[in-house]
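Dropping the structures in below, format is structure tokens.
In what comes next, chain A is part of two complexes: it sits with chain B in the first one and with chain C in the second one.
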Partner chain A sequence: MAADVAGARRTPWVLLSPSLATISLLLIIPMMFIVVYSFWLRTATGADQVGFFLDNWIEVLGDRFYRDILFQTFAIAFYTTVICALIGYIPAYFVANTPMKSKTFLLLMLMLPFWISYIIRTMSWINILGASGALNTLFVSIGIIDEPIQMLYNQTTVVLGLVHYLLPFMILNVYVSLDGIDKNLTEAAQSLGCTGFQAFREVTLPLSFPGLAAGSLLCFVLAAGTYITPVILGGPRDAMFANLVFEAIVTQLNWPLGSALSLVLLALLGALVVIYTRYLGVDQIAKSFK
Partner chain B sequence: MMSGWSLIRFATILVYLFLFAPVAVVILLAFNANQFGSFPIEGLSLRWFEALWNNDAIVRAFKTSLLLGALTSAISTTLGTMAALAMVRYDFPGKRTISTLLVAPILIPEVVLAVALLLFLQFLAMPKSFGLLLMGHVVFTLPFVLLVVQARLVSIRRDVEEAAMSLGATPIQTFFEITLPLMMPAVMAGMLFSFTISFDDITGTLFWKPGGVETVPTQIFAMLRNSISPEINALGAVMVMFTVALPLIATAIARVASARKIRANATPD
Partner chain C sequence: MADIENAVELKNVVKRYGEFTAVQRMDLTVPDNSFVTFLGPSGCGKTTTLRMIAGLTDISEGDLLIRGNRVNALPIHKRNLGLVFQNYALFPHKTIYENIAFGLKYRKVAKSDIRDKVNRALDLVQLPHVADRYPNQLSGGQQQRIALARAIVIEPDVLLLDEPLSALDANLREEMRVELKRIQRELGIATVFVTHDQSEALAMSDKLVVMNNGIVEQEGAPEDVYNNPASAFVADFLGHSNIIPATLGGPDAAFTKVMLQSGETLVTIPEQTAKANGAKDVRAVIRAEKIDLSDQNNAADGVITIPGKIKTVDYLGQQARYFVTANGRDWQVINPIDAHPHQEGADVFMHIAARNCVLLPGHHD
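== the complex of A and B ==
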């Protein structure tokens, strides 16, 4: 019997050990490694000089170039998140409250974009906004403009592409929290004299806040770490932080500098996640997987 | 009040349009006969799909993506399911910390994850390879599998297992005869999810892939850098059909299979 108890105590660890080993070896140790690596120095010959140098950090934290791109990255992520929250709330509210029988179908449609390739969804905007895209062709043919106008390759199109990519995350998170609200609460508020809108503002909106916050966190973190969208839909001046990291690591092969750059991004976004979990908990995000 | 609701419905339709219209345009242009593959539409044709089929680089990228996706989903579903079982079925010290640790790859920006793994393995003198690509894909699909399987596992009742054990089944027998069949839909969902994430990934893949190896998304990315060719739209259409049709078909098969099984179990033998 004693052996049984010991066995039962061991079982979860046996089950967990492959995943824990994978995450430790391929994520935790590499993360610690780049912390150390960011203090090394890439010499002119291309070899790494082992030691404790602050040069990379001084460059990353002191150089205006990096700071400007960091601000730009956060601005893009911020616009994206706000727009996602504003236009994502409506369909989430509709699907959660619709009396229609097609609710399952509507939900499936909300999930569908997750299955459609990110790069395809990003490049599809070239077909809409490009010089020979749908809008320009339409405008020229009805005579609003004579020549195709340049609508692509600026910060707005980067935000547009990101909103299109991240909106489903927002809708799903908001939907999950709206769907969990007891309908009696709004009815009670209305029977006590609230108008429909007041009931929404005083009851529904505050109760859906956890979903809105979870969706916003996801949108912001994913937008701020994005690499592909600015390359495809942005102009040469719309680089984001991940583009700098890629440039440093893959193009310049300056790995210590690339490490320091990635750590800055991680620290800033990590701080957001920590603040969020302190107040709201990770569980909210896990909910949308049910 | 009704007008408020119609306004919401109208706005909802607009948002759905915003989500799906660009993708619809990709599919439409893929069938366009126009020689530049752009507007105006000059009739329907399969010429771009034919060009795709004859493009060796794309066919090779497709094979790489399929192999990578299949291996990734096999490995991370196995690991993730085991971990999910431990998390749902057992209590042990440090459970919260371990839970956070295992979902960490979702919380870390993919670029950072990609850099860390790449530089660490380069430091260990392991060059970029298909193996590195596979390891990377396993790391960032694992938490998704864990969350998906865990969420569904909670709803499986324990008393069926306890009944089997009390009737004399060993824990191993119970697992393979009772638990595994009951978890199968959850496991399938995890597999599908990890396959799709792997098949669609581009950011990490760009960091990890060795020169000359392309997956479908990196191939599209490389082609986009030259110009938007009609072949890309055709490839996009194939990708959409592949990533949308596959889960739908799989769900349908799972539903039919489980319905049949329930019926088979219901009939006494």
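== the complex of A and C ==
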């Protein structure tokens, strides 16, 4: 008996061990390295000095420059999330309310962008908005403007690129929660005197909120951690936090500073996720991934 | 007051889904204050008809009248109907109070009146203490009561229920059935109830509508429909019936013989009844529980006796169902059990009273 109980207690760990091993090997151990790195110091010679120095942390947490970029990063992520939520809801609603047969096709269409590299999708905006891009060529040829105007390389185009990239995530999340809503509920609401729109506001919208919340969290985190979009579509002043990490590690070869920077972003986004799930309930968010 | 008003009236209503006709020429009335039940096998168009009345599905052809007004084009939210679904469909994000108050809010009822009405509705369904809970904190039976309260609190012209009891277990169902009927009587509300449970239908209805393949096979008071099925389908669907091909024999004074194909006389029935049926080839419908089994031939006057042998016995508690071989075919007989059921293989006599034999035209199904 006792052996059975002990065995039963061990079984989950045995079953979990492959994933635990993978997570430790690929996530936890490298993360430890980063933590350790962040306390090293890069000397003037370019070599890293091993030890426990707080210099990187003092620089990262104390310098206004980093704080400003951090705010800019979160602002961009926030705009992106709001826009994704607003314009993603409509196609999600549409897909959720189409008959089963076409639904599969529409969902496939939603997945389609994922088959094309995100970088290429981002760069496609240059062909549309660039100096010799489609819009400028059109406007010049019909005479609205004489010279091509500068539409690229500002914060708006960064947000545009991010919305383009993240919209499918939002749509899928909202779709899942809309799809799970019992159609009888809106019919019941209508029988009680609601117009179609009132039934939407009273029933469908609140019940799709978990999906909207999960989609928003995902969009925000992915947008805040983005690195490629500002490089391709942003100007020199539109850097986001991940660009700083890249700059430190790849350009300046300053691993300790880059480590400290990346840990700051990780900690902030991690805190966001924790607060978010606390407020909305973890199961609410998990539900829309079901 | 003189003429009976109809809460709902369907005139030649047809519903097509593309090529497929789900409801063909439905003519139907739901009289005021009455409890009307749609009964029929799965896919026969019960839900479709109910949804057309509710305004959830549009009507392909024909007219729908509620309280004498043609409402074909009136959207659902203006129809003033109470709707109860099989899966309750309570709003999960609203409390019980908010659920019940929902319809009143959209009818612009004053706050204080809403409170009174909701409390009265909760009393009516005997759940006065659950107002602050959420639907998932109630049992299935309680949720269905709340769904009913939500539907009746708006004082609808018609209450529409689509298999409201079929998600409940047997005991609860019985209880809810009594409850529902009590509430309906108390409020005197015209009700359309969809079910495919015949005991439910027989027990509750003022008027029973038996449907099949998108048409009304028969409508009437439950006991009329039960005792005088108008078609083989109704005879077969309601309870257990023996449908025996037979021939009408020559008139003998005031009586006509109904003869089995073997030539034996099954019953003799009043000439009038036989004439009314017209045809010579008929089917005699005899309900399984209207045949008396006995091990002695002790027929009274006007009762026919057919000898047979018991093939199988299903013991059902207070009664038993027998399959009896007689006259070259199997007969179903359901009899109460006196002391012991008849044994398999026993020789028995089936006693059939003439008045328990209903004739339908035609030999073939």
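The definition used in the following text is that the second predicted complex is superposed on the first by the 254 of 290 C-alpha atoms of A that agree within 3 Å, B and C clash if a C-alpha of one lies under 4 Å from a C-alpha of the other, contacts with A are read in each partner's own complex, and residues count from 1 in each chain.
What we mean here is this: a contact is a pair of C-beta atoms (placed from the backbone, for glycine too) under 8 Å apart; a residue touches a chain by one contact, two chains touch by 3 or more.
As the structure is a computational prediction, the values presented were derived from the model and not from experiment.
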item	value
Partners on chain A (chain B, chain C) - clash or fit	fit
Partner chain in contact with A:F65 - chain B first, chain C second, else both or neither	neither
Which of chain B and chain C A:I34 touches, first, second, both or neither	first
Which superposed partner A:C194 touches (first chain B, second chain C, both, neither)	second
Chain C, chain A and chain B - angle at the middle CA centre, rounded to the nearest 10 degrees	80
Contacts of A:L185 with chain B and chain C, given as first, second, both or neither	second
Which of chain B and chain C A:F94 touches, first, second, both or neither	first
Per-residue touch tally on chain A - higher for chain B or for chain C	B
Chain B versus chain C as contact partner of A:G133, first or second or both or neither	first
Chain B versus chain C as contact partner of A:S259, first or second or both or neither	first
Nearest-approach distance, in Å, of chain C Cα atoms to those of chain B in the combined model	10
Residues of chain A contacting chain B in one complex and chain C in the other	none
Contacting residues of chain C [partner chain A, same complex]	54, 56, 75-77, 79, 81-83, 85, 87, 89, 91-93, 102-103, 106-107, 150-151, 154
Residue ranges of chain B touching chain A (in the complex, touch as defined)	1, 4, 8-9, 11-12, 15-16, 18-23, 25-26, 29, 36, 38-40, 78-80, 82-83, 85-87, 89-90, 92, 98, 100-105, 107-113, 115-123, 135-136, 138-139, 142, 144, 146-148, 150-152, 196, 200, 202-203, 206-207, 217, 220-221, 224, 228, 232-233, 236, 239-240, 243-244, 247
For the chain A and chain C complex, residues of the former touching the latter	182, 184-185, 187-195, 198, 202-203, 206-207
Interface residues, chain A side, partner chain B - complex	8-9, 11-13, 15-16, 18-20, 22-23, 26-31, 33-34, 37, 87-88, 90-91, 93-95, 109, 112-113, 115-121, 123-128, 130, 132-134, 137, 141, 164, 167-168, 171, 196-197, 221, 224-228, 231-232, 242, 245-246, 249-250, 255, 258-259, 262-263, 265-266, 269-270, 273, 282, 286, 289-290
